[in-house]
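As structure tokens, here come the structures.
What follows is chain A paired twice: with chain B in the first complex and chain C in the second.
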Partner chain A sequence: MAYETVIRTLRQKITSCESQLQDLRRHLAEAEYQNQRQRALSHPERNVHSSADPLAHDFTHGMHDDFTSEIFAALSHSEEAAPPKRRWPLETTEYKRYGRQLIMPEIGLQGQLRLKKASVLIVGVGGLGCPAAAYLVGAGVGTVGLVDGDTVEESNLHRQILHSTAKVNMTKVDSAIVSLHSLNPHVNLVPHYGRLTPETAISTLQHYDLVLDCTDTPASRYLISDTCVLLGKPLVSASALRTDGQLMVLNNPPLPPGNAAGGPCYRCVFPKPPPPESVVSCGDGGILGPVVGTMGVLQALEALKVLTKEPSTSVTRSASPDPPSLLIFSAYSSPMFRTIRLRTRKPKCAACSAHATVTAEALNSGSLDYVQFCGTINPVDALGPNERISVDNYAKIRLDVNPFTGLEPSKDSHILVDVREKVQFDLCSLEGSVNVPFSTVSSTSSKVKNGPGTEPITEAGWVAELRQHVDKPIFVVCRMGNDSQVTVKKLKELGLDNGGQRWIGDIRGGLRAWRNNVDKDFPEY
Partner chain B sequence: MSQAKDEDTVSITVEFSGGLEMLFANERKLSLTIPVKDENGERPNIAFLVRHLCDTIMKDPRKELFVLDDTVRPGILVLINDADWELEGEDKYEIEEGDNILFVSTLHGG
Partner chain C sequence: MAPVKAPAGHFSILYFAAASTYTTKTNEHLPAPLEARDLFSKLEDRYPGIKDKVLSSCAITVNLAYIDLDGDDAPDLGLVIKEGDEVAIIPPVSSG
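Our next item is the complex of A and B:
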């Protein structure tokens, strides 16, 4: 009991310290931002390029004298002093920091200056956005904006490399800014808290040169692509799930809608959204860290290629960009990478053609409903109340001694079917439960002849198994309580309920509800 | 090379990516032999292949995750020899010996 109190007190203290820490970090980020703005104002010819206090850094690490005096000059006389003439196009520290990429012909001095002038918006600071941001900030892109409405969760950390254990519950934007700032204090980092919406999309994207789509829903992908087309911004779009990833550079070159020479947009490639039931999230399907990391790194690479590209000057030899393509990464295939040639702009595209219906006015007014366009899946509500049992009542069946008979509860009195996939079942399961993966359930045809004497020719093993013990009721459980309902329906279609004589029902809310209401130690994953 | 092969069939490779393999018993790559003429005596095209995959190869009953209105559902790219099928005539493309047809489902995770 004493320990419990100690533990509770410690937990409370940690929570309060963490929230204080988060406040401090936010104040720090704001102060740094103001500081950098002030410096930009006082020294307008120099690019806005630092959100750090360079003095603090330089006093610790040492630096070139004329840079120090330049900063002192900048700080002491703000407006009236004429800026000292610069000897080299880049700061001395920049030559050192970016030296390894500067000596490459693909970058060179001009490429680095282009990067320094450039601004990139990263939408989504998760598995794709973290590595992408790290490489772009590391490479010295002048301004990097970050959009995200989420906070860091423990289950993000295996892949979202800018976040860390101590930053759980911090906003992803703040967490990323802290990491990126320590990586390269010369980059101007701009936070955009909250999700991108149709109403905020144009105002958020318009000040940037290039956009990275690092989001995780079809709705946001259409929204970002449409906005990029309207604003004439190239878009580097990537996605990942399980062991696969995909990458496209869209709207490149970013010519106005109706100009067939512009690069295709997301709608050209996918005019219609996928049915919502076919969309699988990383939370449901799983994701391997290095797979999504690979795709994020490749996004940074494509962004660097676009940003450092020499603008075509000659009229006769206009540099034609790479033909539009889709890169497919498949970690467990050989070869792992494949490049697919994509179509050019679609003559009837709703966004980038001369017949475009997606307009800035429509976007700003909020009349384009991307969530509705992509559809949503309603939570399954397939069963009647007498086909369902709450976790609390099920716990009584499992755990309580019958108060009248004094009989021990028997796990043998019923059959508990867990329909999570085997790999999840192997992680943790309720004692005595039988695993019939939902994929097996779904791939079993329910067209089974069930008349007397007409035994189906080949009945799936699991169905035959459940057909035995006709006296035992069947409880079906899954992770969240959706698949279990669908399974109950299927079991009844298969005639396992013996024409209504045998009870078959689902455990409402699944193992998540079980953990919340009954067994706190049941693992959450 | 072509001497050894059956004159009445066309041998092709069909691949699945982006999760579609789950609808095909987790096979990412299939070597298929399809008739040189379809039910109307025409050369088999992609539309024929999609029907063939759906009716004969796919054991999973969730057909709607692969086809919708007699063609591949939205969100699936069909790639013929590493090029978007829109470059090749979409489902009218007539399949040739040795073709590689890849079906890719779009991913959305990030």
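Our next item is the complex of A and C:
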């Protein structure tokens, strides 16, 4: 334990020193460069008059004086008219660094200059934000802001490519900045620590040209979209879960609310948030690294398209950006990509229509409650104290001699039902437990048996199984201790408790509590 | 698993993300024609509870175009889903 702390502290120190070192190197490089440039600017003639230059020799030794002075006059005249200007619009290193994209007609010099002038805010530096940030910083976007309130966890590393093993426990913003600095020191990186809130949204977003929504909750998606509409910023929004992803470029063109020619916002596409109990996080539902990576990379691509687009002039072309679309990625379907044509702004949209109720005042004052709008789920508290057992007491039943009967502990004295999905059960389970996935429990109706006028349906196999061994109490366990409570209720509805004669209850806190209090080696996933 | 072309008198329906989890299917075929206003009740019959738990927050598309069924006076309630059409149920995915 002591070693673990030492190792962790050392790792943190090293990471922080590395970050400082990187900063110092960057400052040094910048200072050296500025120094060089200053010298070049303060002695521009030096280059012209270099003695190795044969032309300079002619000028000083082999020409008529009046001709020489005439040329000098012409040269100095043009030099005075314009302020001292760099010879090329980009730095020498930038031509080299961005050369492969500079030679593409989609980017070109003008596109690169637009990128250099641009600022992008990336909200969320996780599975989407990491790849998106890497490509935008790599491409030379002038300023990139990063918003996140979390710290790096080991379970992030399979997909959040800017973070690394040594940076576990570091803030995601700092970790990303270290990686991005070493990728491209020319980009100005701006940290924003903490989650975006309605009160901070406008002040955080207003200095940027474009916003990337790389967050992971419905509430933040509505908040970011509303703020972008109010501030007139285009928004590239993406999401991913399990094997699916979605991508939209919203509020593009970013015209004021009420202007029907503006691009639709998140509310136009999804006016109602999903019911909170249906919202699944990557921690609960799982996520494949390349799936969320694909979506983040595509966000960077769409951002580059928006930023490098030639501003339309009334003469050359009409202001018609790509029609709005929703890209659906489904890794295990064929085709993997589907593009859905979206409508224009919704005539009754709460954010971007003429009837908008979302205003800057409401946002700033905090009177718009996004968490309430999207709903919250309370931790399940469905059972009475006599229907529950702590992991410590359950451990006694499994591991100790019964103090009253003197019987050896036995796993056969009771039935342990594990209601995690099969794939999780296969990862690790308590010896002797029976797997009845919660999805199976949920889809089993407790009412079919007495349905009037309907054919009696044969009882589900797992229910029949549990109905045997009437003498054995049933303990129900799950990952966190929520589904197990719901299952206990269901088992009682199904009459498995024999009218109260058989004990059925859940193990409080689930396998997480089991690991924390009883068996440290039980895997955490 | 490429969806098979709908048989005569049917349209295809694709279920994404939470809709796929709820129906335990990625696609199936339903009898056509069907007026868009009846789509949700048709699915509710087949999958009790799906309307409130999934459909109410979904984007619905017909032949890769978004249709607006939100509210009693939504513009596309009268749209008729025809034989061979492809309908998609697209719940918002919010994680990332």
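Note that in this section the second predicted complex is superposed on the first by the 424 of 525 C-alpha atoms of A that agree within 3 Å, B and C clash if a C-alpha of one lies under 4 Å from a C-alpha of the other, contacts with A are read in each partner's own complex, and residues count from 1 in each chain.
Operating definition for what follows: contacts are C-beta pairs under 8 Å (C-beta built on N, C-alpha and C of every residue); 3 or more make two chains touch, one makes a residue touch a chain.
Since we're looking at a predicted model, the values are computed, not measured.
Trainee: Taking chain A as the common reference, can chain B and chain C both be placed on it without clashing, or not? Answer clash or fit.
Mentor: Aligned through their shared chain, the two binders clash on chain A.
Trainee: Of the two partner chains, chain B (first) and chain C (second), which one does A:Leu90 touch, if any: first, second, both, or neither?
Mentor: neither
Trainee: Taking the superposition as given, does A:Ser334 touch the first partner, chain B, the second, chain C, both, or neither?
Mentor: A:Ser334: touches chain C, not chain B.
Trainee: Quick check for you: in the superposed arrangement, does A:Leu102 touch first (chain B), second (chain C), both or neither?
Mentor: A:Leu102 sits against neither chain B nor chain C.
Trainee: Where does A:Ala460 make contact in the superposed view: on chain B (first), on chain C (second), on both, or on neither?
Mentor: A:Ala460 sits against neither chain B nor chain C.
Trainee: In the superposed arrangement, what residues of chain A touch both chain B and chain C?
Mentor: On chain A, the overlap between the chain B and chain C contacts is residues 124, 126-129, 214-218, 221, 238-242, 244-246, 269-275, 277-282, 285, 287, 292, 326, 328, 330, 333, 338-343, 346.
Trainee: Which residues, counting only chain C, touch chain A once they are in their complex?
Mentor: Per the stated touch rule, the residues are 1-2, 16-18, 26, 52-54, 56-57, 59, 61, 64-66, 68, 70-71, 88, 90-96.
Trainee: Spell out the residues on chain B that touch chain A in their complex, using ranges where they run on.
Mentor: Checking each residue of chain B against chain A gives 17-19, 22, 28, 59-62, 64-65, 68, 73-77, 79, 82-84, 86-87, 102, 104-110.
Trainee: Under the touch definition given earlier, write down the residues of chain A that touch chain B in their complex.
Mentor: Within the complex, chain A contacts chain B at residues 124, 126-129, 213-218, 221, 238-242, 244-246, 269-275, 277-282, 285, 287, 292, 326, 328, 330, 333, 338-343, 346, 439, 442-445.
Trainee: Looking at the complex, which residues from chain A come into contact with chain C?
Mentor: Residues in contact with chain C: 124, 126-129, 214-218, 221, 238-242, 244-246, 269-275, 277-282, 285, 287, 292, 295-296, 326, 328, 330, 332-335, 338-343, 346, 348.
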